[in-house]
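What follows is a set of structures to go through.
In the two complexes that follow, subunit A is the common piece, with subunit B as its partner first and subunit C second.
The block that comes next holds the complex of A and B.
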């Protein structure tokens, strides 16, 4: 056991190490790297085709906000697909919770609670509770009554969409509460320069801490650790990426007309948008849940081999139900962001969102066979798809062609992933 | 074993009872098919089937349907309906269902005016007249009742061009498969907007034009954000073909501080949009009193039920469709709502003053809000 914690002598003494052993020392998931590579290619490609418009702080900032809602839901969808289920009701849950929150803050809440500085908190809390309740209902029927998830969530897709229409008689509800709107982004709904840097520095500290803690933990239990240069490289690259992203967010300045309205000076940085902050927060929580908590490991175990998981003593039914509770709650979070961004509750808000969410999770490496998937992959998948769509609008590509391209990319991404996995075996 | 047989017997009995009940409703169908155009009967036996394309859009349930129902009830006719949920295939099935339920006249709000042709032809072949409601159906026998959609586009363009005679224009169109999207665009071209970016050699330049899947407001918002980025915010006017998308456009403008400074058009008379006109965020909202349309369709349906032929229905005029068909049509005029003319919608009972003037500051309020 003691030898395992030391880099093998043969590798340490060899003057010219092969690229493969260098790369494997880093212990980075190949799929993730492939996804990041694809994203960079897409970005550079669009930048060239749009004459340098794509890789501007403004467009990248917009892209981050546009990807946020699908990204948030995709993290929940990973757990569902990993455990060999599917949730087709996500779009309708989004529409229903979004419409309910819109109705609450414009009509339903008692007038004493309307228009107060804390109204948005009440509305958001009720919206999330509604999402959780829907998830519990669907999850219960799936896990405890044994009805296939495809059927239950397909029914949900119809029911929640219908309810969303009924509660507002099909009307568009607008405008929304002034504070609630800030959840949707826009320069007013962003952190600004100082707070963005603060978040960035916190993130860097977090990365350093987690790398050091993980190394210490490995040593403690006698597992091999990465060579020091690998740890250093990972640390430097991660910190550079985080700080680079914050710098880009801070390079997007308040638009002149808006800056005038709010009394900001010229070139005031906008910073991280609230929806993006929420998405990052959700991603971190979900990653910890999936990789470092028993619940997450149970989900992956159930996905890998349901019978073995059950026989091994895992509370499979409760775990499955919880995955659906999480998914619907995340749909409610996305609903808040989307309706705040649009400043309206509309009956079609989440229509067909489930397709994009599933596509994002799958492009990010989640397999329908179960047991395989990553949260960061899902977020990247959402960013890839939104980059394609937004980039194509920038290039004046017609919407039916956009749909064709997204469809082809989806199949190509999953096909490549499946082929590589087969070769690796 | 005994239980199973009893159960089977019960189920069979129930099935027979149910079929008998539904069949009694359909017994009128064969006689209606045989008596095409004949019979001087009152509208009492008249069943009118309405096929909606997507009932979940704001206006159909709120305005069109009550007006149709009222016109039918006034003549003693019966109202049947179903919803195709934006699927052309489902709509074809729905039309068959309405016929088998005994509908003598069909009012069809087409999801896809070309895909629905076989179902419509089958209906007219059976002697059941079809009214194409609001959206064009390329069938020479169908009665086309609509607002002047080209006129709507013309009004949108005229109002915006009056506010912004010179500058950069963005055009946010609706669903590509919806003929109305192109009608509106051709109306804009008639009013003086260049037909496309290449032919924009005069005062008006087109810096962005796109269709929007399903007329989705959130999609329009993303499209507008990209157009603003592509043109570094140098956009002076946006021709949005309906109010839902205008809402998305205004949200995108607001994030850049440009709302109220860029002219925006819309149609449908959505409450939120009329409020935006009062606030100055939207320049014009072409209001089509859907109640007029529903009433006209209901009254025409009753006449058709009583045996009047399509071209003899009151108020029709010939109309040449883009597909070169000559149809009879009833075209209803829309009303453009700008800041100055908002009183009309309050007077017509379409919207209350409170809803129209919500959050409108007294200093910049239009006449209707004072």
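The block that comes next holds the complex of A and C.
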């Protein structure tokens, strides 16, 4: 279905092709297309059921902000699961690093460093370093001491949540630094119209450049390349998607009261929220890491056959440890976003986040058998989960029922995926 | 002592080093234990350039364990390894590869979920000057090597899981060949292969031998070993029974060494007769 819908007008003039040959010429990931199809169905379904409330710039903008924190962590969880491990501690690491950053900017830093324009940078740097240190510790125990990741991170789940409670004596720590709050999004923590378009245009240039560069490389070695029309289709669809997203973000305006307070005129576009920008940055970096660097190649090889990876001369233990360092650092990134958004350090900030993060990665096609998973898939998985939740909130579905639906969707998604994989074999 | 057995007794002494120069590999007094079990007990073998050593023995004789010490998969507990006469320390597979030791494992040791190119360069990827993987250059090199080894191989973009046993074998061999192995270890290279593919592996062994590569060939198949090897080292319950020149022994005598665990000089004619039945 999704394959047919992307045929542009120009293709109609070419010799007739079946949907199958078009699809194979595009060389796009079938699983990713399926996920996009599912997302479109979910969005349209909720829009109809809510009487047109779902597909509004306001709701989609909120959806993008809400998906950001789980999406960021899901990219790290992909690498963990691909290498046949699990990290159950991400929610507690999030809570602990979030609370620590809150304490730093309210009480712990020397007063000379508080309330400065650079305070947020110091706080964020310490928060990320703390995340990396936690990941190093857990990763070391898992990779070098051989304790199963399930056990180590189950312990971590209890330990880091307990430490978060202890360091703040169970209190909510608020308010946070004014600049730090901008990490959380909201109209003030967004790019605004011009910058959003600038980001969009940069992204388009990046897409065009990478498609052309990859084609050149393959040409140079005389490998088969996509037909030109397929390349053009891919380019046009990607650019349209990017510019469409920017247009939607810019169609969401500052709420009237807030706009007045900040001296903005009516109908001032909000643009892309900072958390979304961070999530996009993380997704790009993680995709490069996973597919274009040795580290990512090793993570996948370890997941495919740990013994072969070891015999191939890969430093498997260091690679595994690094996946946990990345995971906990990303949890700290999400902690900054979520606490900034709440304007507080809270003891329950990351409660159950591990479940949503794992679910997002798995819905996005990451296999527990190891060796299979993609970063864009995990991000889409996070958006699917968040869409379900925010759609049900719009429909005023009770929270226990929401949990039931999300649970069913998780199992159904993985079940379908497994069935399709068996058939493909 | 009969004439035949006397010859065989001479054959248990390896040729004098001076005849062939410095050995490519010398493993001296290697000991490897698992718990209290001596999997390899004081074994010494050597290998010269352009030579094929057949390493034979029953199940649990310790031949794979001995060879894993050379490939770095499980370092020896004690003993010495010399490459070109220089003592070396091989603590992991990376060390072994640095000395030009390549291994084709019985279970092939491929990462099933990635393609032939990724497997061939596993652990030794080519990168661009920015440090990212140079997939095109690696694919080009893989196509070139495969064109030589298995011209019918076309599936460069699919996970090796979906390849046939012979194709997977080609990938494993291509990996060893491409990186200019000086010392090649083949652990049951034909175990999973059909007749045509087995013939292909035999051709390859002869070709590599002619290029001056030293090969350790581990096999259950005594015919394979007799066809391909120059010398045969027999192991029995972790100990080296002896190393014999292929031309100076019969298959029956080697079989007797494998089963009884004593060199031909110490095996009576009646024992061999009983064995053969």
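The definition used in the following text is that the second predicted complex is superposed on the first by the 409 of 425 C-alpha atoms of A that agree within 3 Å, B and C clash if a C-alpha of one lies under 4 Å from a C-alpha of the other, contacts with A are read in each partner's own complex, and residues count from 1 in each chain.
As a working rule, a residue touches a chain if its C-beta (ideal position, glycine included) is under 8 Å from a C-beta of that chain, and two chains touch if they have at least 3 such contacts.
Please read all numbers here as calculations on a predicted model, not as lab measurements.
K.L.:
After the subunit A overlay, clash or fit between subunit B and subunit C?
P.N.:
Taken together on subunit A, subunit C would fit alongside subunit B, as the superposition shows.
K.L.:
Who does A:371 touch here: subunit B (first), subunit C (second), both, or neither?
P.N.:
The answer is second: A:371 touches subunit C but not subunit B.
K.L.:
Going by the contact rule set out at the top, does A:220 touch subunit B (first), subunit C (second), both, or neither?
P.N.:
The answer is second: A:220 touches subunit C but not subunit B.
K.L.:
After superposing on the shared chain, does subunit C or subunit B touch more subunit A residues?
P.N.:
B
K.L.:
In the superposed arrangement, does A:257 touch subunit B (first), subunit C (second), both or neither?
P.N.:
After superposition on chain A, A:257 lies in contact with subunit B alone.
K.L.:
In the combined three-chain arrangement, what's the angle at subunit A toward subunit B and subunit C (CA centres, steps of 10°)?
P.N.:
120
K.L.:
Go through the superposed model and pick first if A:309 touches only subunit B, second if only subunit C, both, or neither.
P.N.:
The second partner, subunit C, only.
K.L.:
Once chain A of both complexes is superposed, is A:297 in touch with subunit B (first), subunit C (second), both, or neither?
P.N.:
Touch status of A:297: second partner only.
K.L.:
If we overlay the two complexes on their shared chain A, which of subunit B and subunit C does A:175 touch? Say first, second, both or neither.
P.N.:
It touches subunit B, and subunit C stays clear.
K.L.:
Looking at A:394, would you say it contacts subunit B, subunit C, both, or neither? Reply first, second, both or neither.
P.N.:
first
K.L.:
After the two structures are laid over each other on chain A, how near do the C-alpha atoms of subunit B and subunit C get, in Å?
P.N.:
Once the two complexes are overlaid, subunit B and subunit C approach no closer than 14 Å between C-alpha atoms.
K.L.:
Mind sorting out which residues of subunit A both subunit B and subunit C touch, each in its own complex?
P.N.:
In subunit A, nothing is touched by subunit B and also by subunit C.
K.L.:
Can you check the complex and tell me which residues of subunit A touch subunit C?
P.N.:
217-218, 220-221, 223, 288, 292-294, 297-298, 300-305, 307-315, 370-372, 425
K.L.:
Contact residues on subunit C for subunit A in the complex?
P.N.:
71, 73, 92-94, 97, 103, 105, 107-114, 118, 122-125, 127, 131-133, 136-137, 139-140, 159, 162
K.L.:
Within the complex, which stretch of subunit B touches subunit A?
P.N.:
55-62, 176, 208-214, 216-218, 221-223, 225-227, 229-230, 233, 243-244, 247-248, 251, 254-258, 261, 270-272, 275, 358-359
K.L.:
Which subunit A residues qualify as touching subunit B in the complex?
P.N.:
Residues of subunit A touching subunit B: 50, 53, 56, 58-59, 62, 66, 161, 165, 169-175, 185-187, 254-261, 338, 341-344, 346-349, 351, 389-390, 393-394, 396, 398-400, 403.
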